[in-house]
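Only one structure is covered here, and it is reproduced in the block below.
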């Protein structure tokens, strides 16, 4: 899980097509640029096939989904599948409403995903078919701890096997798994939950990581998750050092991702392979 | 108007459902998280009833309204009323277009609001049935001053009586009133008008304050208005100290709200009860 | 190309109606406020005629266009033309999809623009009828350099003549031209390409510049382009000085625009007239 996967993004400058929510979209675009990728946001059904065709990855985020954009997600995703362009899913709030849960299953049925990233409640909903969420946050009963981690890895691998996608479950501890191998990542900081969009930004970054490293998507996804956790750690340290608040935290997080060099990455990345 | 109302938000972590505009939505989500609440943004008619049902408050902000979202506002609001969940209205730009004015009156007719927050032009439009706005800003003729404050308090109380809602009018001086009692709040800083979203952010915060303090909504609303004013003051002082600009001001404002402790609040809150 | 055009914005406080994308809209609103203008964002067809009628300029940005907003753009633009209110076009991604290219030509056919601002790929698409873009960024083949600048000025003037609009092409070197006269502006910094929205923010600023300086729109447009470049330079210098990252860069950029005083402007503005 080397820094090389990040370096590849800086070299290849992948174009990442995002069909995403209007809450965190600006941060997603800026963190992609910071990392070295190029973002494009386009959600009209009249152009998504064309836009995705010139892109290196497609990110589908259902954060503020509606009928119009769901149709665009399907159409863009089909074209991406046809052209073998990696598609990343962020099932924001799956479990919180029937629309979100049903849309997630519809997307999973009609499209093939390279990566599915969510919090533990969202991914449990995807795996078990139903679940609970506290809005767009994980239900406290679903938090990944050292005690339940074996179980989480096990359903992550099972879901990877069933869906063919890499599964990324993020929270206090992060899991990135395919059907055989799982990374357990212990980067990040609790303060990250005090800003909106850390999940969405990570999902967009995974688009860049997979778009630039299509032959090593599991490792590249894990590297992206590490990089996000490291950015959160550095940001939280700066916030505390300067006695700042959560808006500074968000700025420091994107700042750190935009200056993520090999030394910082290698000295901070904390993961096990299981 | 104690700090306790803010502490309750941090303890109860209310989920606040926002149907709001795409201009300031990210700041609304982040300031809610900073204060200790959880935001969820959802505007599709296929899910708003479900989302509001798991929420502790609903915020309706017409900043970038359209036919699709107006229908969702009505449906979410009816469900919230049915379940006795506080609903907060921000009639952004009422008076600036027929669509905004008519939508405001339609919402007032079909829904029961716990709080209506706007600038003086917007609230005058709600009370007198027509009015002027300079776009989404208050008309200069409507600014609250020490000279016209008696009159403003009087129509705020009358509107509270007529609508059953707490009325929050914000500007250089802020008024928070029900039919019998009015708070006159002198926190805030003129530089707050140089960033977009201070009104929207405050309205979202009032959702959190009312959701967590449903038995004391007048006092909790006044406390929220004070907290926003204090955040603006501290932010303006930092901006001037560091010779920064208005983007820093916005960051400092959210930073301050996210670190609002009892000592700062109590030492700064400036209000009279009339 | 005096600072006076900026001072006029601060004095007249023009209301700028933006029909724009949901990616960078918050930054557009904040930079307009920082400069001394007032933003209003409104895209429902039920209100755009009324809103534009009380405004001093209309900005049409197709960054996340869709059927609903395209219709609103046309209707708002016709009303603005009828009332002699300057209309500014940002053809984001023209050349990247048929929808964007076709919409650009439809807007050009149905409306009269005061200014068209884009990167070199977008403007080439407008001029030559087809073109390439890397998503929303200029194709590397289209970058303006000292070698091809004569050619760019020549097609900028030709397009200005053909369309009746001032043409602003921004990149490493910026061109602002009408059919007879061209400004070549050498402000700005390469790091500006690492944040989203510098183009969108500039387009919104040109709305303010033209709205407040309707008798000198060429000079006012050039002054706005200089001010944006200067803001980027100062921001990049601060980012490097403080070893910060790209999110800080965006903040410093808006900070600088919000504190743009005559001395800074006059000492930094770098341009030739051809």
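Order of writing sets the labels: A, B and C. Residues in every chain begin at 1.
Following the convention adopted for this analysis, a residue touches a chain if its C-beta (ideal position, glycine included) is under 8 Å from a C-beta of that chain, and two chains touch if they have at least 3 such contacts.
Here the structure is a predicted model, which means the values were calculated and not measured.
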For this assembly, give the contact graph shape among line, ring, star, complete and other.
complete
Counting shared numbers against all numbers at the contact of chain A and chain C, is it over half, same, or under half, different?
different
Hey, what angle do you get rotating chain A onto chain B on C-alpha, to the nearest 5 degrees?
120
Distance-wise, how many Å sit between the C-alpha centres of chain A and chain C, to the nearest whole number?
33
Going by the touch rule set out above, which residues of chain B reach two or more other chains?
22, 26, 250-251
Sort out for me which residues of chain C touch chain B in the complex.
15, 17, 22, 25-26, 29-30, 33-34, 38-44, 46-47, 50-51, 54-55, 68, 250-259
Of all residues in chain A, which touch chain B in the complex?
21-24, 26-27, 63-67, 93, 96-100, 134-137, 193-197, 243-248, 250-251
